[in-house]
Every structure is written in structure tokens, then in C-alpha cells.
Amino acid sequence: MPTWERKDVVIRTMATGHELTAPAFFCHGKSPRPLAYLQANVHGGELQGNAALLALFDLLEREEPLGSLVLVPRVNPVSASQQVGDYVAGVYDFQSGQNFNRGYLYLTGPSRSSSAACYVDVDAFAVVNVNAPLAEIRDGFRSALKAALGAVRAESAEWGMDMRLEFALAVQEMAVEADVVLDLHTGDRAPRYLYAPQGIPEAVRAFGIPWVLEVSHRFAGALDEASFVPWQDLSDAFGRLGRNDVPRFVDGFTVELGSMNSFSLADGKEDARRIASALRYYGVLPGCPEPPPGPQTACAIGDYRSVMAPIGGLLDPAVSPGTAVRKGDVVARIADPSRCRSLPPRSRDAVVEVLAPDDGVVILFHAFSSIPKGARLLSMMTKTYGG
Amino acid sequence: MPTWERKDVVIRTMATGHELTAPAFFCHGKSPRPLAYLQANVHGGELQGNAALLALFDLLEREEPLGSLVLVPRVNPVSASQQVGDYVAGVYDFQSGQNFNRGYLYLTGPSRSSSAACYVDVDAFAVVNVNAPLAEIRDGFRSALKAALGAVRAESAEWGMDMRLEFALAVQEMAVEADVVLDLHTGDRAPRYLYAPQGIPEAVRAFGIPWVLEVSHRFAGALDEASFVPWQDLSDAFGRLGRNDVPRFVDGFTVELGSMNSFSLADGKEDARRIASALRYYGVLPGCPEPPPGPQTACAIGDYRSVMAPIGGLLDPAVSPGTAVRKGDVVARIADPSRCRSLPPRSRDAVVEVLAPDDGVVILFHAFSSIPKGARLLSMMTKTYGG
Amino acid sequence: MPTWERKDVVIRTMATGHELTAPAFFCHGKSPRPLAYLQANVHGGELQGNAALLALFDLLEREEPLGSLVLVPRVNPVSASQQVGDYVAGVYDFQSGQNFNRGYLYLTGPSRSSSAACYVDVDAFAVVNVNAPLAEIRDGFRSALKAALGAVRAESAEWGMDMRLEFALAVQEMAVEADVVLDLHTGDRAPRYLYAPQGIPEAVRAFGIPWVLEVSHRFAGALDEASFVPWQDLSDAFGRLGRNDVPRFVDGFTVELGSMNSFSLADGKEDARRIASALRYYGVLPGCPEPPPGPQTACAIGDYRSVMAPIGGLLDPAVSPGTAVRKGDVVARIADPSRCRSLPPRSRDAVVEVLAPDDGVVILFHAFSSIPKGARLLSMMTKTYGG
Amino acid sequence: MPTWERKDVVIRTMATGHELTAPAFFCHGKSPRPLAYLQANVHGGELQGNAALLALFDLLEREEPLGSLVLVPRVNPVSASQQVGDYVAGVYDFQSGQNFNRGYLYLTGPSRSSSAACYVDVDAFAVVNVNAPLAEIRDGFRSALKAALGAVRAESAEWGMDMRLEFALAVQEMAVEADVVLDLHTGDRAPRYLYAPQGIPEAVRAFGIPWVLEVSHRFAGALDEASFVPWQDLSDAFGRLGRNDVPRFVDGFTVELGSMNSFSLADGKEDARRIASALRYYGVLPGCPEPPPGPQTACAIGDYRSVMAPIGGLLDPAVSPGTAVRKGDVVARIADPSRCRSLPPRSRDAVVEVLAPDDGVVILFHAFSSIPKGARLLSMMTKTYGG
């Protein structure tokens, strides 16, 4: 049986002195590695990942892991508490405007006004370790990343640590240890879909999720990228020295478990099965990954595009999220009764049809059915492959 | 064919001087009366009434009304614009905290710090008109109500009109003319249900809506009450003089068209059919009301009760809205992963089951699936009858 | 030396399970009574009362109280955390729209849908105790009030306790014990001023605050009223039985310590002196109250009136808060550049002057300098006396 | 006398179809150029620039400009309307989290997922125009910038224009014409200070503002940078070809007119004088700039640093904004009464003193006096020069 620990990690300290914490559950299996880090609910309104983690608790009581896991449900109590009226508005920090999933540190790039100690120069590291064995490279690089995080923390002592950095460090100090990182989100109104690093079809198959967005090896602030891009940078640096046997040691995924605001314990069991299958692929759990239940369709992240609302109004989707469409198909209707300027008023005067600007698959619609002009109406995959 | 007019009624003037208006469509049928007043979307997130009104536009092109109608979709642009992140938080005014459906004027009660001219003393009116014919009573009382509204507006000139009063007057100056008032709302997560004045079963049958809350003759701030209670007060005043032939001349309803945030043009056609059936009952539209498609279950408004969330957490309803339950049935589960204090963590440690405190019908659940302790988890009818 | 205790009272439990608490400091002086209850910061943006309570901590180390005190700074962590961008919007509950200072229980009136056990029938109490000595009346009535609070708590077990009630009970279970209650607030942009029960000039003198609003004996939801009105009701009930020697045993005040958002530890020492003077009057602290430093001007609460902004725009007050004005004086200018409709644009076309509608004293202006039409622009005392 | 035009520029279309517009006033003086573009109130709570523009209206009636001006008060009605309770939270877009002053287009860099037509390649432009006269370079480059804006607008037709881009285009299509751009902001709690491109001391002297932050030639999203950096890039590109006589033709400034939420028509006249002096320097207004009223102290933008709140609590600044301090000086106190854990409670246990981490000048404090841990407590200039 695995042994368990729980730590409550401070995420923010309120103006009244109360500490908002995230409960981190550490499951020590047969071996410390491979280590998986899973968190849920970075965005306050994206709830279903918590159901998946609860179901994983139960699954881990039945199956002893070969490696180890860190599971952090409700990782962002700040965001989860941004409730105004009936809804949680949890993407952007009420205090700073910051998207909670865009503030992580790029540990192999000079992304902040901080000293050279605060990131790892992969080329310098590769030169020093050009002849080292792989295990030594992996361990040494992880130590270097941890040292960089430590330097960031130390340097913030003088001028104070901003709240965004406090959150990033709290998460990344846990996630940096991991061999695979799963950040559990949801779409707005969406089916299950997956952000995966490009070029790892077997891992993607293990998740069995039908819609896949392949992320390029470029840091844009999200946790999946913050987790795998430094290791890709390392691999590339060795490649520049002519050493091509150094793989990217760490993968990171953003797993989108349906729609914002949905929460189902029953569905959480299904989500846990998908995740467990991926963890089997990575050797964290025993056994083989399950074959995907159906075809998987992918596109490059650059071909995942959004349609902005052409008018303000009331949104009536014409297709379900997860539907293949052709360019010119009606994908949504937006109704604004104030457009009925000629009399007698007719419903068709109020309605603007939105057409698909390209062939593809509609993945998500705006979460709320009232939308101002210029807000994201839908996002769709284009130039898809597989399937 | 009816003739139509449109007026854009100013609801609020912003700090930048922009006027937010509601589009009011006046449909003059064969006769000015009976007159129906219908509005939608007082609460910014309750959208479906707009679909019903758009469908009514089309229906009114096919069927000439016997009476007349005023239709006001998107009646509250202030509330509709209270969007924070993905959602509209439209029940309470961001500026004043006020529930937008609790600020109407009680025109037969001294409800405000205003002079005696600002309301109608029903007993004095009855004394003066004790021998008047019914039509004269009806017209005279409506004139008196309109004079009271005029006095409120006039008296606000000196100290300025507060924004809540500006909204109430904008709506009530239209609605006071009507013989029947329909205020189109939605529940949080709910089926279609109806707030109706108690004791009018035939009108209720005409709507055909399965769940009915019977409203007592007491003003609590909502538009349905603001519309019918003064006329009930009048009837009661005549009764106190021994004249029992003066009916309540005006009815008011709050029609709940499903869940917050839902918007469907197709469902709007069904909703328009329900509303048209009621308007046939009231003689505004030609023809007979439709028989209800199934049984109707009612309870007194005082027996419509709410369960408050016993803990904070993630809400997973155990029954669908519109389900009959027995006292002690599990109606919802709330999961808070931080409750997993003993290790290994188990999902059941995180979950609190909520039991029905009484027999009845669960009508609605909290709109969002994350809920703090003490927020309304669900509302249910108890002591139901009919069905 | 007094002995001290601290309790952290749970005010709300968040959706993530975190408890938000208020720190309650109990100072037991030479005698349990007279007991003063002081709290600060019910409205999240009204901060200065905390400075006063911190200064009282220090004062109570220098002067042993004759009676006892309960001091609760930061009593409302929910409200204090309603920060959006730079500001705290702490008057209305983001979850319920409720003004945090209007939800207290009226313990001698049937104000809620609860049983007869949840309030005290003062007339019945007076009949039973018509011949009792005063001390017995006082103690018996306090016990009855506490029993009513207990019944409210007990009855909420079945259907759950709503968050507003949880807050009210948390505060009132402490405040009900007290002989004098001080609720420390601030105005929007305001000088120090005082809400006091009408007819207690000596107590008012002890505070030494120049502007005084005399509150009638009618419950409207605030803590000062919730504290003293039941005792006034009791006195009145005995009066109706012909026994006129039963005084109102408890007083309650709302003390407005300047402007919202201001916080000064140095000014807090001055505020503590004012409060200490009042506590000397009530026998909680030793010594005599200080004479007021200048004249005190009062008006009845019904003559404290607000001017609503006649247009939306940018607010430039023409007088300082706390200035006597004559009817017709310019008290503010509101500028809306979009009003410059004729060209060349001139600043005077943008500006609307607001005139005082009556003689009086301007007490407060809207906190923010951008204001929509119909928001409270200023409040002023009229029909003043004293001074 | 100049001739005037007014256009109301659409900034956003709401979900109810209402258009929010900014009033743009075009003042055509003796010559179309030099052209100054001035806007105020991009951030909804930063109001004083409107007073300056109103005073400029009056000044322009007295003095005929040599060049021309565009003046846009209340440029951002979206932001100005983000009022929650008493305050406007206008820095971040409630819908997108975006800082309203960070979304402008970088017209000489490939900053967006758009085609090459959407920005100007300065090196290619320089090669083509390497021998052109300066006036031709200036006019040709402005045409190229305008073509780029046109391409952005055209390309957005297919997938829709997001609201942030709509705002950027509305502003930049006006500002791109100008020779000097002034964006009128305020600090949080601050004196008047100025963001100026580095290396233009005479222009800085003309403003006469005591505190100056010198902005490097690097685009970070703000309007001043969006205005001058492309022209600096052009100058640099010619320099790379060995032609060093091409100056930066356009300057851009962010002018900070005191504190957020302040609005004074009287102070606006003083602000207009400062701005007019700068416009004289640029030849837009006649006459010579005024000498600065006192010393001016500057630092590089990279040496303008922020202290983050070390604890959550109540903020009591120990110095006024605009005060020189030494490393180790107390600059603020933060009080959190919940820190009084030992009894008796003492105010000093609640208070944490914040010390200046370096020598410099404190420019601003957090606008609100309640602050969570990790929010910006203050910003200060370090490594100052001049003065």
C-alpha cells in the first residue's frame, strides 16, 4: 500500500491575515519515480478535475502505484472564491487582472527582471554535461531548475514577493519534481479535449480523449509549458552540441474535462480512468494503458482559432461542441432584440447567423449565453489530422 | 393587422453620459384592451424570456390580437451588462446591492418616505366610489395609480431621483396600464414554473406549466405583486364596505422559463405558445387556451422553502430539478476535498450528502456548482396539492 | 489589570472550506458589567475603526476598566476581501446583494419566517414581570433575548443556516450581552459623525463628535438599532401597563470615523480618546467623560437627506464635508465632457452645478469622483438644532 | 480661430447592442501639423486628465494653435463603467482581464498572429528610402503605419475582431496621425509625474513636472510606447544603413496627474498649463514653454521599483508620495489586528513596519488602505539623477 502525506500549501494571504491554502496529497508508491503531479481548478470555475482527483484517491486505494503522485485538488482557493452573485469568475485575478494560468516562471529563459541565478542557461549546462550519462543529466538539470526556483524566492526577499509569483512558486516548487504534469481544466462549453506537447502520439493515445491540440515547444505562461519546455530546451541544447540522445525527460499536459461549472462525481470516475490510463503509459501506475475508445483528431495549436462575436447579443449555438463543420456552415445564432428597427418586429431581424470561417471542428462556445461584441464566441480546430 | 410602435425607454444614464435603454414594442390590436404587458430579462442572466418575446413577434404577425400588448425584451440593460469574466451576475445591482426585482413601488401602501400623493388610499377611494359602476371603478382606480406614479416622479425633482426609482418608474409607468402583467424570468437550474396569484386556477391552467407557486396578496417588491396587489387591496377595501362585487381587475405573473444562462430560439417558440395560451384566456389573443399538457402541482409561496448549503464545496445534484422527493431522500452531494483529513484520502470523506428535510418537489438548484456554506443550495415545494 | 481572552469567531465558510474568522478580544475588567461591545469594519472599505480599536488596546493597558469590553476589529472578513482591482467594495455582499449592516435580527418583532420562539413578545414579558424589580427585569429580558437567538440557531438546523443569518448570529450572540454597543463605521467622504438614539444628550456630549444624527426607536436592520430597539420596546411595553420607571437599559451607536478607505494609526489614538470618553460616561472606564471640544449639531434621522446625481459625470465637490450651506448654494459640480455638443467645446457646457435643495450641513459626498446618474451624490442634515 | 469637429468613436458594443463611444474633439489650427493627440481616462478610475482637457478647451478659445490637436476625454467608457459599489475598478477589463493600457499594437514588430501586412518592416523600409529626403521618409512611414492598421482591420473581418483589438484600433487610428501623443493617467496615490522617452531633456523641462521616469525604446504595450517606438525603430534602421540624420519624428508621453479617483476642475487649469507648455515646445501652441517651477528628478524606468506588501493588512503610509527616502527608512506601516496573538493585545503586535529597500523617492502608494500580501504597496524611483 502506498503511504500518504498531506500538506496545506499557502497560496495567498488575505488583507485580513487569513491564509488561503491548497490541500496537497502526496502518495508515495513502490518507488519515488516516475513521479506524476496533478492539480485541478486553477481557474475557479473549472471544477470537474476535482471529481477526477477524488476518484483517483479511491483508485489508488485499489492499485498500488509503481511510482509516486502528488494530487492537488482546489489548487487555487483565490480563484475559487471569486464568486459574484451566482457564478465564479475565476480566470482572471480580481486583484491583478492576471490569467491564473499565465503567470508561471520560464526557468530556462530570462523572463523576469531577475538575476541570472533565476534561470538555467541550457547551453552552458549542456557544455558542462556534454559527456554525462543520461540519469546524471536528468538529475543535475532538475537540481538546477530547483536552484533557480530557490534563487527566485531568495531574491524576492528584498522587495517583497508579488502575489502572482507566490502562486507560481507554490505550484512550481511541487511540479518541478515531476516526470509528468497534468493540469486539469475545463473548456467554457466543451467536450473533453487535450493539450499535449507535439509529437508524442503514444501518450496521447493513452488518454483516449477524442480532441487533441498539439502544443509547440514554446513557453507562453501555462503550467504544461512551464513543465515541459525547459526540458525540451535542454534536449535542444544538447542537440546543438551534436548529442542527440538526450530526450525531453518531462511531459506536461492540460486536460480539459468538459465544461466550466459542471461537476459530477460519477463522471469523475470516468475521468480518473482516462487519467489512470495515461499514468500507466508513464509507468506511474501498473498495467497497460487502455486503447482509445474512438478516433482521435488533432491539430496544431496555431490552427486552433477563435471566432469573435460579430455583434452583441444572445447566443444560441447551432451545433454541439465537438462537431465537425464545413466552411460556411451556420455554427451559431446571435439575437439582439434591439435590432428589430423596422415594424412589425420580426425575430429574424434580431438574429445574426455566424458561419464557420473554415473547415474544422467546433470545440467550445462562450460559457454564457449573453455576449458582447468582440468576445470569444467559439474556438475551433482547423487543419485537423488523424480522426 | 395590428399597428406597432417602438420606444426606447431610458433605464439608466452612465457616468459617461451614455443612456442605457430598453426597447419597448407596442402592439395595438383590434382594441386597446385587454392590454398585456410582458417584459423579459430583469435579471441580467435570465435570458430565455427574450426568445419567447421574439417568437411572440412572429406569432403576432400571424394572429391579430383582440386586445393590445406591450413587449419589452432586454428590459434591464444595466443588469445584462454586469458581466465579469464569462458570466453575467445580474440579480443584484453592482452599484446599490439591490435585487432588481425588489425595488418596485407599492402604490397602495405608504412604502416610501414620500407624501400622501404618492400612493392611493384604497379605503378612501372605496368610500368615494362605493356606488360607482365597475367600469368607472376600474378606470378611476387606474387613473389614481397613474397619478400616484406622477406624484412620485414630480417629488423626486427636488432631491433627485435615485437609480432604483428611475428603473421602477420606467417599468411601472408602462405596466400600470395593463390588465395582465407577465414578468419573464428563469430559475437558477430549474424547469419551467410559475408564480401566480392564489386562487385563479383557470388562468394557471391556461399557462400549462407543471409547477405553480401561489402568491399571497401581499407586496414584497416584485413586479407581479406590484401589478396585482393594489387591485386586490381595492377589492378588499370595497369588501370592507360590504360591496363584494368588485373583483381584482388585474393579474400579475412571474413566469420562470427554465434555467439561468440558457437561451434557445427553438424553445422560445414553445414558450411563446404557453404564453399565447394564457393571453387567449385573458382575451388578448383570439381563441381558447390550450389544455395543460400534463398535471399541474402547486403549493403556497410560504411552503416553497430553501435548503442552505451545510458546508462549502462542489455541488453534485442527486435529482433533476422538477423531481418529487420524500423527506430523507438524498437530493444533493457536496464535495470538499479539503475534508479528507484522514489518510489515505477517500472520496467519501470529502462528500456530505444533503437530505430532503421534507416531502415535496425540488424545483431549483444553485446555478453554479461551487457553493459557499449558507448559500441557497436548492428550493423545493412542500405541502403540494393538485398534480 | 484586566484579564483578556481571544476567540476567533467563524463568520463564513468559503466554497473551498476555508473559514473566515473575526478576532474577538474579551477584556474582563473589575466587574463583568457594565459591558461594552465594540466592533469595526462591518463594511469592508470602512477601515478607521480598526485603528481606534488598536489604540484602545493600548489605552486598556494603562487604565483598568471598571466594567468589561468586547472588541472585534475586522469583524467582517468577507466584506474586507471583496477587493476588485485597487478598491474594496464592501457594503454589499457579492453573493447576496445584502448590505452587511442591514441583516441583523429584530429580536422583539416577528421579522422572519420563524416560530414565535425566535423573538420576545415584550407585552407578554411586561405582563409577567410587571411587579419585578428593575435588575430582575433587565436580567430576565436579556435571558429572553438570548433564548430567542438560541431558538433561531436551533430552528436553522433543519433547512440550513443562510450566510446572512450566520453573520447576524455571530455578531448578535456577542452584542446581546452588552449594555452599550458601538459599531465603528465611516462615511463615504465625510467628517466624524454619530448615529445616536434620540433623547440622550449627555451620552452624545461624551463622544464630543460635532455632527449627530438622532435615530428614532424603530428597527431598520442596523446593529445599533438591533441593540437598543428591543430594550426600548420593553420600556414602552411597561409604559403601556402604566409602569414608567423601566428605562431603556441598553444604548447602541454607529460611530462614523471619517472617510471610507482612510486609515491612520495616529488618528486612531484620537478616535480612541473619543470612544473612551463615551465609555467613561457609561461607567465602563473610570473617570469623567471629556467635555466636547466644540459645538454639536444634530438633526433627526428623517431629516438627514440625500441628493441624487442629476446627471452622470465627474464629481467635484464645491464644499468640504461638514460644511453648513444655504438652500441654493452650489454644493457640487458634475462634469460630463460628452455634453459639449456645441462647438467650440467649452468647459462650462460640460458642467452641471448642483444646488443645495434646503438649508443644512453637507455631511458626506459619494466616495468616488465618477458617478452615474441617480447615485447618491451627497447627504446633508436639514432642520438642524444645537450647534 | 481654430475650427472644431466632434466624432463619437465606438469603443465597444454591449451584449444589449448599446454602443459605448468616446467623444473625440478635433481642433484644426493654423496648420494641420504639428498634430498633438491627447486622451484621458483609459483606466476608468484615473479621472483628472478629463479636467485638464476641459481646461484646454477653454485655453484653445483664447490662443489659436499653430498646429492642430485631437482631444479625447473619457476615452474608455467601458472602463469608466466598471463600478462596483462605490468605486470604479478600471485598470483591468472585467471581460478579459486585460490591462486597458497594455493592448496596443506594435506596428513595427510581428506582435500578433497576423500576416506580414499587419506591421512595417523598418529595415526594408529604410533600404527602399535610404536616399529619400526627411519629409518624404516621415510621410511615407506614417502612410505605411496607417496601411498596417488598415491591414489589421481588414484581416479581422474573417474571424471577427476581438474587443481588445477594437479598442486598440479605435485609439491608434487617431493617434498614428500625431507628432506628439499625450496619454493622461494618474498614479494610485501619487504626485504628478511623467513617463518620457529617454534622452529628450528639453521636452521634459517643458512639462515642468518634478518626477520623471525615462522610458527605454522598447515596446511593452502602452500607448506612449506604441506611438514613439516604431519611429525610434525607423531611426535605428536608417542608422544601421549608416544614415544617422533620421530622427525619431514622434514622441509619446504618459502624463500622471496625481491620484486615482481625484477630480478637480481648478487643478485641471494648472494641468492644462503644464500640458500647454509642452505643446508650445512641440510647436502646436504658440509661444515658449515655461521654465520648470522647480528641480526635476529622473530615473530610468528599470530603476523604478515596487515593494510588495509583506503581510496583508491595513496600510498607513509613513511618508507622503513624492518623498525622498534613504534605505532603511520606515516608509509604511501595515496593521493586521489578527496578529495580536499574545495577550493583552498591543497595537505594536499588529503592526509591521516596511523599510525602504534602497535610497530613492517614493512615488506612489497602493490606492486602497486595505491590502493583501503580495499586492504592490508602493513604487519608488531609485538611482535618481537631476533634481
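The first chain written gets the first letter, and so on, giving A, B, C and D; residue counts start at 1 in each chain.
Here is the rule we use: a residue touches a chain if its C-beta (ideal position, glycine included) is under 8 Å from a C-beta of that chain, and two chains touch if they have at least 3 such contacts.
Please read all numbers here as calculations on a predicted model, not as lab measurements.
Ranking all chains by how far their C-alpha centres lie from the centre of subunit D, first place goes to B.
Residues touching across the subunit C-subunit D interface largely coincide between the two copies, over half of the numbers being common to both. Subunit C and subunit D have Cα centroids lying 41 Å from one another.
If each chain is reduced to the centroid of its CA atoms, subunit B and subunit D end up 47 Å from each other. For this pair, subunit B with subunit C, the centres built from the Cα atoms lie 34 Å apart. Contact with two or more other chains is made by residues 14-16, 18, 74, 80-81, 83-85, 88, 91-92, 95, 97, 314, 336, 338, 370, 372 of subunit C.
Residues of subunit C touching subunit D in their complex: 1-2, 4-6, 8, 23, 25, 27, 44-45, 47, 50-51, 53-55, 57-58, 60-61, 73-74, 80-92, 188, 260-265, 314-316, 333, 335-338, 340-341, 343-347, 350-351, 366-370, 372. Within the complex, the subunit D residues that touch subunit A are 12-18, 91-93, 95-99, 113, 156, 158-166, 302, 305-314, 336, 338-339, 357, 370-377. Note for the complex: subunit D touches subunit B at residues 14-16, 18, 20-21, 74, 77, 80-81, 83-85, 88, 94-95, 97.
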